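Read through the structure below, which is laid out as structure tokens, and then see the notes.
Each chain carries a letter (A, B, C and D) given by its place in the written order, and its residues are counted from 1.
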């Protein structure tokens, strides 16, 4: 097998250049590449386009990169929970493109599956359809949507092996598997990095062919946005 | 007038044994609490889970397990996890039997607006556009009127749409109504203490009232 | 959870009607729904359209249904290894539609994902492209292909639970997961049927929402087409 | 003239460390036997496996583990299993670095025909059309001429095509050739004992011969 291990987050993201297009896995703050984001704060790369379902919160996740003005454009389905984001958007410092969540997921999946365009019903009859080709199939209207791909995809997995095979945990899977397929360079940070051969081939969520660099992350905070409990 | 819990209780009566259900944020989430015991349904969370369980106890909390409202949750026995692409695949292909979500406005043709208010910060549509475009059966939980008394059941939505011709049923704080394909709200039930006349006055869109309209039974 | 268990193969397939469109999982004879095929031989249903990557061999798999003339049309990517198939095809008794394997997989996946059409490069410049819409994206030519769906999908899994969650084994996974998503009624036969709650939610390949009926199969033959061994 | 093993050995020299490779049925499958030790490559099987291992011993045989040629196989440590849709997803998106497959004809423009002979029973294209339409780098293993001496390296294919403008390199029993984008075969190497003149005579398509053409080195 092919060894994909890099030393740490800095080595993994160090060549991400100004104005790069990134994909970042995660839903809310669940399953986000915390270590890669921290490393990007340090490299100071600027003008990033970030494709990510959400934009983090003011002091965590992509919100950290917004605060340092490293992000030029966000492509997301929902960007609430972030005051700095709102300020930059209203002042015109930040560009934002909102995409229905299922369309976003499918466009990323298409990027990783070599499908340049497909039809989806989401957004027909709404402003999302403006300027898009509309087709009827079996009496229902659909929009044509295009693939999304990235220069670098940053994903977070639970376990990974040195060949780049990944296993996610719980709902931290979310956008990570598709994004792993759609990056020219895919960087995976994992909580547990095991030697090749230790993961069951039948349980792998992302085959190593999609992963170019892998490292063991550290100090995961895994912040919770809505701490809801059952009172007994 | 029903409160939020009342709306949730009434919607829970629409649930049938064996259904796969997606519950939106807000009132729809409350519906889970009133599904009759013994009924086997599976709740879908569009971030990648079938089989949402109750909120966790303090020692069960897992930051890697949240619902689409970003709340910590648990899983029911028999749950399954998957990616967002697979999740919306099952939504688009009509495998989810019932979608319950909130709305700011609904038109008599079943158009729904629930994601954007011009002049206000736009947070995004999340999964709402995918859900309304694909669900076989959509029930909307909403207030019949705005705070200043303006109807939210309209001839035509004034806000930017989330989807067209998709809402099948509305449970508001005042009434239960079907949305008919020909473009009308059909009054089915009144909230306790609410008269047909009050509902008429609160509904801007075409309202069809046939025969005696019963008061809803909540328990 | 919702109980999907039926007694046996006969109960699972008994309402499959004449001229139904079926999908059958498997690649070669690997991962095919052996029990469902046997049960269809007994119900004697006729005029079937079978969407399956291959058509079995003369005396096993879909080959058995060809021998009894229960199949009107095959939609496949490769149909070798079957003399009776060849005879029926040349005599005009059987219709066959050949589709590139990746296009077949993606069309079935699209059927189960609510995507009515998409673009793929496979077959451009060949007879597969005849009559199809051609589009250029980023300088490369693609064909528009449509979704495939079935009245009944017959899939074979390794383990399943009573809620219909499935886990496949080895390369017996192949077309089974997509076909499970694309059936109006999906019938799963499994080697091991366990109570709901016994499968790890993180290891499930096909969530139960896609499966309408499940039963424990018996007497699996798992015939091997090309028995190749390393001589030590 | 090279035999099948000779062609496989020469193709094996094109393999680079770190490659993901899809090997077609026939001669291409043999290539795996001649990849230099110490080189780390991963073999993809389009029915859903990365990391094909050697054929099993009798007691390792698993009917649930086969390659795209339906042969029983084993898995290498670090292997991963997936569905056919995911498999062709990675093929279409160019994640497979090298595709090696057989051909009945190749044209000087890189068109390939390898699935159908008019008048003969058509078995199907399997995954070949997807592979040739998507692979970044395609090497074809083939006989330079048919049994009756007719060239198979043509101006234009006479058989129904599998794909257009896709073949980058050919290793035949007589030569190694690049297929140039402008539409020509560029002779790179001669098989042991084969002269440039013989290759000229065996090639119907435009052949470019520049400078001295070395004999290939096989080991």
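We adopt the following convention: contacts are C-beta pairs under 8 Å (C-beta built on N, C-alpha and C of every residue); 3 or more make two chains touch, one makes a residue touch a chain.
Predicted model, so just to flag it, every value in this text is computed and none were measured.
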Original post:
Which other chains touch chain B while also touching chain C?
Top reply: A
Subject >> Between chain A and chain B, centroid-to-centroid distance (C-alpha), Å >> reply: 29
Subject >> Centre-to-centre distance between chain D and chain A (centres being mean Cα positions), rounded to whole Å >> reply: 36
Original post:
How far is the middle of chain B from the middle of chain D, if each middle is the mean of its Cα atoms, in Å?
Top reply: 56
Subject >> For chain A, residues that touch 2 or more chains besides their own >> reply: 106, 109, 113-115, 120-121, 169-170, 202
Subject >> Multi-partner residues of chain B (each touching 2 or more other chains) >> reply: 49, 81-82, 85, 88-89, 91-92, 134
**OP:** Write out all the pairs of touching chains, ordered by chain label.
**Re:** A-B, A-C, A-D, B-C, C-D
Original post:
Inside the complex, what are the residues of chain A that reach chain B?
Top reply: 27-31, 53, 76-80, 86, 89-90, 98, 100-106, 108-109, 120-128, 158, 169-178, 205, 222-230, 232
Subject >> Touch list for chain B against partner chain A, complex >> reply: 45-49, 54-58, 61-73, 81-85, 87-89, 91-92, 111, 121-131, 133-134, 160-165
Subject >> Touching residues (chain side chain C, partner chain B) in the complex >> reply: 1-3, 109, 111-115, 161-163, 165, 181-182, 196-197, 199, 201-202, 204, 207-210
**OP:** Spell out the part of chain B that touches chain C in their complex, as residue ranges.
**Re:** 18, 20, 40-42, 44, 49-51, 75-82, 85-86, 88-96, 134
**OP:** Enumerate the contact residues on chain C facing chain A in the complex.
**Re:** 106, 110, 113-121, 135, 137-138, 140, 142, 146, 167-170, 202-203
